[in-house]
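Quick heads-up: structures coming right below.
Okay, so chain A shows up in both of these, paired with chain B first and chain C after.
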Partner chain A sequence: MENFITRRRRRELLVAAGLLVFAIVAPMAVKDVTALNVIILSLLFAGLAQAWNIIGGYCGQISLGHAVYFGMGSYVSTLLYVQAGLPPSAGIFIGGAVGGLAALLVGWPCFRLSGHYYAIATVVVGEIGYLLFLNWDYVGGATGVYIPIAKPSLINLQFGKDKLPYLYLTLAFVAATWLAAWLIEGSRWGYAWRAVKDDVVAARSLGVNIFASKMAASAISGFFTGLGGAIYGLYVGYIDPDSVMAGHFSILIALPAVLGGVGTLWGPILGAALLIPLKELSSSYLGGSGRGVDLMLYGAMIIIVALARPQGLVSLFGRRKHGAP
Partner chain B sequence: MALLEIRGVSKSFGGVAANVEISFEVEAGEILGLIGPNGAGKTSLFNAISGEVTPDAGEILLDGQRISGLGPVACAERGIARTFQVVRSFDSMTVLENVMVGAFARTARPPAAMRAAQETLEFCGLAARADRPAWSLSPPEKRRLEMARALATQPRIMLLDEMLTGLTPTEAQGGVELVRAVQRRGITVIMVEHVMEVVLPLVSRAVVLNLGRVLTIGLPSEIVRNPEVIRAYLGDRYAAD
Partner chain C sequence: MLRIDGLSASYRGLKALQGVTLEVAKGEIVAVVGANGAGKSTLLKAIAGQVAIEGSIAFDGHDLRGVKAHMITRLGVGLVPEGRRLFPRLSVEDNLRLGAYAKRGTEDRFKPLGLVFELFPRLQERLAQRAETLSGGEQQMLAIGRALMTQPRLLMLDEPSQGIMPRLVDDILAAITRIRALGVTILLVEQRLAEALEIADRAYVLQTGRVVMSGPAKEIASDPAVRRAYLGM
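Coming up: the complex of A and B.
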C-alpha cells in the first residue's frame, strides 16, 4: 500500500543509504589523527544517543542512568577478554546483552514510577552502579583495567595505530542503531511505545501493555548502550569507573538526542555531530582547566534550543513538522 | 443471556461513593444510554467496565465471563473499547498513526494495521485528515478520531463518554449518525450523555444514575416522564405529582 507513511519511510531509508556511502568514502581523505578521533567519538555518541532515544524518545521514559549500561558493556567485554581470553569481536555483543539485561533489572522496579520520579530513580541507579564498580576489587576497583595490546586483527578488534578501522566500527554501530530505530518506527512496538509516551491511559484502553512496552524499549536501548560502551572501552584501551560509569556519561548519552530532537530518527545523529566536536574542541583548547566548560556550553545550547525549538534542531529541516506544538 | 452484566458494582474513592450496588444488563446490538446529572457516577462506571478501575464489590460479566479486575488491556482484548470525556489523542502522531495503534490490537502486521486503520477512518469520515498531525484537528474531529481509534480494535462493546457534548447541533447530528452506523456494524453501544434531548431519540433504553445509584431503567419515553428523574435533574419544584 502506497501512502504518506510508506513514502516517508522509503525516503528516510534512501537518505540514510546516501549518508552511509558518504560516511564510508569521506573519512578516507582525512589524515589528521585529531580529526579522526573527533569523528570516531561523534559517531560513537550518535549511536549511543540513538540507543537512548529508543527508550527516552520513542517510549518517553527519560533515563538518566544509561552510564550503568554503558559501563557494564565495556567492563563485561574487557574482563571477558582479559580474564577469559574471549576475543572482543564476540565480547562486545555479550557486553551489549549484559547491558540489555541490566536495563531489564533496573526497569523492573523503576517502571513502577513514572515521569520525573522514574528519571530520579535512574539517577540513583547510575550512582549505585558507579560506586559498586569503584569499590569492587575483582573488576579493578578505582585502578581500572588495561586492555592488553594484541596483534591487529578483526577478531581482536585492535588495529594498532590505524584509526580508520575504528571509525568504520563506530560507523557500523551508528548504522545499526539507526536501522533499529527505523525498524521500530514502522513496527507494532514503535506505535505502542509512542502511544505510551503520548498518553498511557488511552494506550492501555487500546490494548497496549504499558509495562511490557517500557521493558522491551529499555532492553533494546540497554543492549545498544552496552555495545557502544564495549566499543568505547576497546578504543580508549583502558577503563575505570570514572571513564566509563561516571554520571556525566548518562548526560552525555542523552544530550545529543535532546538537542537534535527526541523521538526522531535524525535528531540524535544531528545532535552528536554538533555536541561532540564542540566538547572535544573546548577541552583541547582549554586543556585540563576546560573541564566543565563544555558542560556550560551544553547548558547554554540546551537552553537556546528549548526556548527557540522545543522539538529539537531536526525540526529546522521541515520534515516531520507534526508533533506537539 | 445478556452480552454484558453489571452485578452489584460498588466503588468508593476515599469517602466518596462513586458507584453503589449498580446492577443492569446490556443486550447485544442495542444502544444503551447512561444518563444522570454531574457526579452521578457515569464515568466511574465506564472506568469499571473498561477495566481502568476494579470495583470494590460486585462483578462485571461479558458473555457470562468475569471481566472486572482484569485490567484495561485484557478488557480491550475481549472486545471492550472506549472514548474519553476529555479527549486523549496521541499528539506526536498523525491521525492515521493514532488509529493504527488501535488496529494493532488485532494484528501484528503493519500493512494490515494500516489498511484497517484507513478503512476505519473512511467509516468515520476522517479519511481526508489521515496524514494530518492529531493535535491539529478541531474538537469534533478529535472526538471522531477517538471513535475511529476505538473502532479499530474491532470491539463488541463501545463505550462513548460524552461524545456529543459541547458540539454544535450540526456536529452533534453528524455524531448521532456515526453512532447509528456503529450500531449497524453489530457493535453494542453504551453512551454517557447528560444532554437528554440528544441522547434519548438515539437509545433503545436508558439507565439513569443519581448519586452513584441506579435511579431507574427504562424506555426513553418512560424516562422523560419519570418524576424521580425530573426531580434529580431539575429539583423538587418541577416534579409532577
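Coming up: the complex of A and C.
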C-alpha cells in the first residue's frame, strides 16, 4: 500500500526536478527582454496560482480576495525597505508572514460561512483592502511607493537591468509553492483538507477539525501569496493599490488554477503558462484597449474548459493524477 | 458504556427526539428500529455531536454535551453515516487513510487496515479505484472500514443495508457480528427489522421521537405489538 503511493510521488518529484533544470538552463539562451518579462510574469503567476490552489483547490474554499494578501506582502516588504532599511531578502518573508496573518484574520469570521457565502465574503474583503490602502497616506495612498534603486545584490534582491536573476527568483518561488503543494498532497493535513472539500459532515465524523483545517490551508496560501506579492513589488519597482491590490488580481491569481486544474499539482503551472503569455500578448498588441480583450479571452477560455474539460487542462495529459479530485 | 437520559433534539425545526432514554453496555449489539422519520438517524447524529441536544449523553464517563463533533470521534465513537458519505473522488485507499486521520503520530494508526481487509477482502482488491466506482455493497464496506480506521470503541451504523442487494446485506451483517467479537460495541440503526433483530442483543423501538418499547432482541422480534409500532399504526 505504501509502495504504490511513494512510487507515484517519487515520480512526480523527478519530473519536477527535470523541469526545474530545464527552466534554469533554457532561459540563458533567451536574450529578448520582452520574452523574459513574459516568462517572469508567467512564473510568478504560476506560483501565485499554486498558492491559491492550496486553499481553493485542495481545501475547496474558493477565495476571490487573494489580491489583499498579495498587496499586503508587497506593501510590507516595500515599506520595511523604504522606511526601516530592512533588506528585501528578509523583507519578502515578513511580507509573506503578514499575508498569512491577514489570511487568518479573514478566515476567522469568514470560515464560519460555507460554500458561496465564503467566496462572496472574500470579494468584499478584497474591496475593503483596496479602499483602505487607496486612502491611507502612510502607505502612499493612491500615489503609491517607489522602491529606491540600490546596488544590484542578492541581499537587496535588486539586479539592475539584468532580467535573468529575477527570472531565477520567480522560479525559486514556483519551486517553493510546488514543493509545498507536493508535501501537502502526501500529508495528513492534505488528506484532511480534501475531505473538508468533499464532504464536511463525513470529514467531521472522522475527527477532522473543519475550522482548523480551513485556517491552516488559508494561512499557508496567504503566506505564499504575500511572498509572491513582495517579489512582484521588487520586480516592477513601484507599487500602488491599483497595481497590487485591485480586484482583478484576485481573479488573475485564481484563474490559472481553475483553467489548468483545481486541486492538482500541475494545473496551476500549466494554466499560468498558457494564460499569462496570452494576456501579455493581447495587451501589448492591442495597447490601451487590450485590457478588455484579455478579459474576453479569459471568459471564453473558462467557458470552453468548463464545458469540455471540467477537471482542467491538466486532465488532457494521460491518466488522471491519482488522488487529485 | 453509553448512557442517554431524557434526550431531546430538534432537526430542521421539528422535534425529532423527545425524552429518549437509552443505554448500551460494553460488548453489546444494540439495535434501534422504527419507521421512517421515527428519529433514528437524529439519535445517532445527536450522539455524534452533529445536532444540538437537551438532556444528557455520557460515553465512558465523558459528558458529550457541548463536545465538538470531531472530538467525540477522537473519544472513540465511530459513525458510519446514513448514505455512507464516502469521498467519491478519492481512492479506496485514501478514504481508508482518512479514517486514521485523528490518530496523529501514533505508530499503529494504520493497524486496523489488516482487520479491514480481513473483513472485506474486496476492498484490498479495489485499493486504487475511486470510491464512486464501487458498487453499493462495496461502498458500504468501505464506509464501515473507514469508520473502523478511527479505532472506535463504540461503532454506530446508520442503515447499513440501505441500497444494497440482499446477498450483500448478509455479508455486512455478518461483518458487524465479527466486529463485535473483536471487542467493539455496536449501536445499529436499521429499517430492516428482522435482520437487525437477528444479530442484536437488545433493541429499542422508536416511534415519532420516543422510545415505545425496549428489551431483548428475541422478545421484541416475536412481539406482535412491535409490528404495530413498527408500521406506525
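The working rule: the second predicted complex is superposed on the first by the 316 of 325 C-alpha atoms of A that agree within 3 Å, B and C clash if a C-alpha of one lies under 4 Å from a C-alpha of the other, contacts with A are read in each partner's own complex, and residues count from 1 in each chain.
Rule of thumb we're sticking to: contacts are C-beta pairs under 8 Å (C-beta built on N, C-alpha and C of every residue); 3 or more make two chains touch, one makes a residue touch a chain.
The structure presented is a predicted model; accordingly, all values stated were derived computationally and were not measured.
When the two complexes are overlaid on their common chain A, residue A:169 makes contact with neither chain B nor chain C. Shared-chain residue A:186: touches chain B; no touch with chain C.
Legend: residue contacts after superposition of the two complexes on their common chain; A:194 is shown touching both chain B and chain C. Greater residue coverage of chain A by touch, when chain B is weighed against chain C, goes to B. When the two complexes are overlaid on their common chain A, residue A:202 makes contact with chain B and with chain C alike. By the document's definition of touching, neither partner reaches A:40: not chain B, not chain C. Touching of chain A by both chain B and chain C, each in its own complex, is seen for residues 1, 4-5, 188, 191-192, 194-195, 198-199, 201-209, 322-323, 325.
Only residues 48, 50, 68-71, 73-74, 78-79, 81, 85-91, 93-94, 97-99, 101-102, 104, 113, 127-128, 146-147, 149-150 of chain C touch chain A when the two sit together in their complex. For chain A in complex with chain C, the residues that touch the partner chain are 1, 4-5, 188, 191-192, 194-195, 198-199, 201-210, 322-323, 325. Residue ranges of chain B in contact with chain A, taken from their complex: 50, 52, 71-73, 76-77, 81-82, 84, 88-94, 96-97, 100-102, 104-105, 108, 110-111, 113-115, 118, 130-136, 149-150, 152-153. Within the complex formed with chain B, the residues of chain A that make contact are 1, 3-6, 186-188, 191-192, 194-195, 197-199, 201-209, 263, 321-325.
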